[in-house]
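In the two complexes below, subunit A is the common chain; its partner is subunit B in one and subunit C in the other.
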Partner chain A sequence: MTDRQQHPVLAIEDLRIWFKTRAGDVKAVDGVTLTIAPGEVVGLVGESGSGKSVTARSIMRLVPAPPGRHVGGAVRFRGQDLYALSEGEMQDLRGGRIAMIFQDPMTFLNPLYTVGDQVSEAILRHQHADRKKARQQVIDLFRTVGIPNAEERFDAYPHQLSGGLRQRVMIAMALSSRPDLLIADEPTTALDVTIQAQILVLLRQLQAETGMSVLLITHDLGVVAEMCDSVAVMYAGQIVEQAPVEILFANPAHPYTAGLMAAIPRADDPNAAPLPIPGAPPDMARPPAGCRFNPRCPWAQEICRTDVPTLRDIAPNHRSACHFAGSQVFDWAILSALEAGR
Partner chain B sequence: MEADVALTLPTLPEQTSHSSASMFFWRLRHNPKAMIGLAIVLLLLLLILLAPVISPYDPNDGDLKQSLVPPSPAHLLGTDKNGRDILSRLIFGARSAVGGALLVVLISEVIGVPIGIWAAYRGGWVDELITRIWDMLLAFPPLLLAFAVVAAFGPGLEKSAIALGILYVPFIARVVRGVTLVQKELTYTEAAKAMGYPSSRIVFRHILPNCVSPVIVVTTLDIAYAMLDLAALSFLGLGVQPPTADWGTMLSEGQLVLLTSPWLAVSAGFAILVAVLGFNLLGDGLRDVLDPRQAQR
Partner chain C sequence: MARLIATRLLTLIPMMLIITTIVFFLVHMIPGDPARLMAGGTRVSPANLAKIRETYNLDKPVVTQYGLWLSDLAKGDLGRSFRQRREVTDLIVERLPVTVKLASFSFLLSLAIAIPLGILAAVKRNTWIDLVATAFALVGASSPVFFTGILMILLFSFKLQWLPSIGPGEGGWDTVVHLFLPSLALGISLAAITTRITRSAMVEALTQDYIETARAKGLSSRSVVFKHAFRNALVPIVTVAGLQFGFLLVGSVLVEQVFGLGGLGSLLIEAVQVRDYPVVQGATVFIAALFILINLAVDVAYGVIDPRVRYGGGA
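So, the complex of A and B:
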């Protein structure tokens, strides 16, 4: 057990994935460092275009190249650098030890085949099973993920299922090989709220049963609070803060995280209007010098415009990439900002 | 025109419990364009199969005393200048017209489908190079290039069909490339990759089946074009060689006597018109029937 804790399931080290465009290299992922322990659920949050999805795809080496390019850094899965594997070895890992579920339940299943057929295909790809065994396994999986009338649904085509059921089929497919790591790219964004809650409960439950690690990508801090053990906040291709969930919510240590929290509408206080973060994320072909958040940061100082802050420990398990994180003045400023939002 | 057609399309039954095959035939039966086209095409195929049985005379057996006889009970469509029965020659001519066109399309598909998929799936410079080459082919009128090929290798139905088949590659490859580009961007292709399937499996199991409907449509339309082009080559003496019965050569012979004996050119021209129309209607109808936006509902 201690051995497993020392060896994280996934360790991303200073990963850089750039995209070639006419305007120059877009640094979609620019120095991301992130570790996931066995059985841990890690949330990756950030606004659209912050590089969350590219980070997720780069773990699976699914970023199309060209235009994408692995510029530097490593992705270690159980200690092994995935960028050193051959394509064939990588294919055995994908859908096997590492599985992924996607955002859009409408298009991730091929409309031409029945859902049972498609999940069987996944089982036959990664396990030694014959068609009959695979069929039984699919039906069991469908029951596990809460698909009613599992046996009849086996022969249903994707268009005959609702969005929520399709998302369950996708989860069944991803879990069919009992992966060590599940990457969930905004798995509930396209679903309506009641179904969202059901899917999240299901994911949490399945995670507890199987003990797999989960990287949950979302822009919804509510989902993070419900689901995750720890959170990494991403801004402009970099991780700006990482902490266990309770700590992050109680004591955010980066102005961007504080801004995200102040922007959440509050149900408990109808008078508190959500405060948007002014401005827009930077053009990633020409990111600002110094701290990338400085043009939008209300407390930006001279040093923020010149020096790039590094992600450093400010408390046990709590890391922030702000020059002033950990200082008293900073804590006071963040607190007052959050109060203003209340 | 398009709007009229859309209005006559049948509304779908609510329940989707029918199998996709029975849905297809239901939609086909209720599409007048497709049914008329299908009827003409089936009639042509019947003519080809039964030609020796149903044609009243031997198509190559001329009676010079009966030269250029106008339509009469003995010769329903009259005779040509060698005294051969035009109806019989038309019936036998369907063989080279339809057979040649099928050969053209078959060749273009065998080459074009893999090229289209490969270009789109590989992307990058491979795609760039292939599309540039077929843009060059498309920039020339196909007939002009066919002339050049026939001039180099000599006249004949097979040679002109092979030449046209190669020239038709871009037409089919373009469509397949478009479909593949769309499929490639869909989440289920990415999901298939994320499940660890190799590229070959993704192409054959997930992308190729999605190309079938558009390819069927393009096939029927291309057959119509190929028939016209082959007839044009024969008309100019580069395709089917006399005395074999062929609509193009008959048109060319008829043109010489157009003012005195118009029935020769008119009947050959009419045969080409009806056959091309049949394949065009079938292709148009199939496009409506196989439209994924309607089929998937």
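So, the complex of A and C:
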């Protein structure tokens, strides 16, 4: 274990967030374990409904309760368990040392206030600044995130800006108090492809300049390859694999990760059809016994249907929650599956 | 914004023309002979009847009568009451203050009850607080105002003897004291609807994505609820409140009867009973004009609340 991982910015330990519904408790996050080192960009990938967004929100304790509730586990930010803090202490952290940007910049800005006002609000909340100083700071931030005519844009309302500019406003807001950790929940999903690239480049550049840690939630492995140092794969409310990006792409150690990669359409070989993972994610009110991926796993054995696999180190910096990860038979099976996809 | 107001003021002219036409012909369609009612009995000589009809232009064709009335109206003359033999304008001016006071008091009271209650119900939705607010709204909306009014008189005037039960008071504090019960009776029934609207608009606003952004900024629940959610919830609230204020100008007639306040509503009802055409027409046109102006104020309020209305932009 490296020093960076011994003093992580964020350590999520066996976190469980369940939602009460008529059909019973939906275990949206059910034993998530994840660490983020200082300055590290971690990607959190998974299908829709795998619990990525709930995980992101649960770090900030933004999951509405009820219906959500914290069943167990800890979220340690620089060693401090956030679930042990009072709501007031949590408010000081939100938008201060931990900030968040969201999926859709169209709906995540309040339509009734100018964008400048909305960013100033964050500054006035967390810093000793008067309105005039805050205004100047916002204009500087707007310049930093590449908003042209920053001074005039201060007084613009969200509906007067394009999607890309609105996302830049969101980023300016999140960065206003120089956070240690930025949580980005699918920040480019709602944007045009060309704008997506611009926003990703901007995020990468700002991360390099400030040295903040980033948790980037996405369903796009291409974005992960582009942006992240390491990646955590989420399936059915749990992390099934975490590894540095190169290792994960070269040597996936979970059948679900392998399935995700085989499902990517390939531009270099138009004859290779993407192979979708058969079946659908489980109903999280009644998840399958044993390994949650077993009903969809082509290599499932008896043990997979009975015993819950734990997330364990299979190599330095590489963790997998598959009973067979690390064994030679497994490596051979995964490799042949990836070859079939190629 | 100024252009919005100007256009709305211009549309006022055709609207008023349509309203006056409808009012005039509706009033004249009411069965009953005003001349006979004015003469006060059945045994009136035909000569006298004819004389009355001539004096008040009732012998002319309806369309001619309409033309005459309209040209007077254009000069600001609402005509003279058949029954009271006074200018309609004077009658309205005389009755207006008590109605305006009653309407304003009950309107403010209803907002003072409904908005905090609606917000609280939305923030604490699906708890006992929400349930209490719903129960209040249900009872308030289903009790007729004259019934609530009588109950209040029984309790506060008769049993407890805290407040007067009748009359509009003699100005100043006395008026406030006299109008409190009738305003409360009206206010509660209005508050019922406003509470529901406030609650649903706030629930809607509180589940919007920008609320999450506000919370992620570290804002307190108070700023999230009042600054970010409430202003977004205001448009439906202002719409309903505006309509209610309009209805209050005539809708208060039942309360006026119970509490013996001779307001605009009472003037209108009395006039209909005796086929006092000029008073019915004059009062209705006056109220219609007020209604339109209130709607204009509501439209202006939309622009003040929402920049998308002000700058005329979509998403």
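Going forward, the second predicted complex is superposed on the first by the 337 of 342 C-alpha atoms of A that agree within 3 Å, B and C clash if a C-alpha of one lies under 4 Å from a C-alpha of the other, contacts with A are read in each partner's own complex, and residues count from 1 in each chain.
Going forward, a contact is a pair of C-beta atoms (placed from the backbone, for glycine too) under 8 Å apart; a residue touches a chain by one contact, two chains touch by 3 or more.
Keep in mind the model is a prediction, meaning the values are calculated, not measured.
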Superposition on subunit A - do subunit B and subunit C clash or fit: clash
Which superposed partner A:Met170 touches (first subunit B, second subunit C, both, neither): both
Touching partner for A:Ala122 - first (subunit B), second (subunit C), both, neither: both
Partner chain(s) touched by A:Leu93 [first = subunit B, second = subunit C, both, neither]: both
Partner chain in contact with A:Lys132 - subunit B first, subunit C second, else both or neither: neither
Touching partner for A:Pro111 - first (subunit B), second (subunit C), both, neither: both
Which superposed partner A:Phe102 touches (first subunit B, second subunit C, both, neither): both
Among 5-13, 23-31 or 59-67 on subunit B, the segment whose C-alpha atoms clash with subunit C after superposition: 23-31
Doubly contacted residues of subunit A, that is, touched by subunit B and again by subunit C: 60, 62, 66, 91-96, 99-100, 102, 104, 107-112, 121-122, 125-126, 159-160, 170, 173
Residues of subunit C touching subunit A in the complex: 126, 208-210, 212-220, 228, 231-232, 305-308, 311, 313-315
Sites on subunit B touched by subunit A in the complex: 16, 123-124, 186-188, 190-198, 205-206, 209-210, 292, 296-297
Contact footprint of subunit B on subunit A as seen in their complex: 60, 62, 64, 66, 88, 91-96, 99-100, 102-104, 107-112, 121-122, 125-126, 159-160, 170, 173
Residues of subunit A touching subunit C in the complex: 57, 60, 62, 66, 91-96, 99-100, 102, 104, 106-112, 114, 118, 121-122, 125-126, 157, 159-160, 170, 173
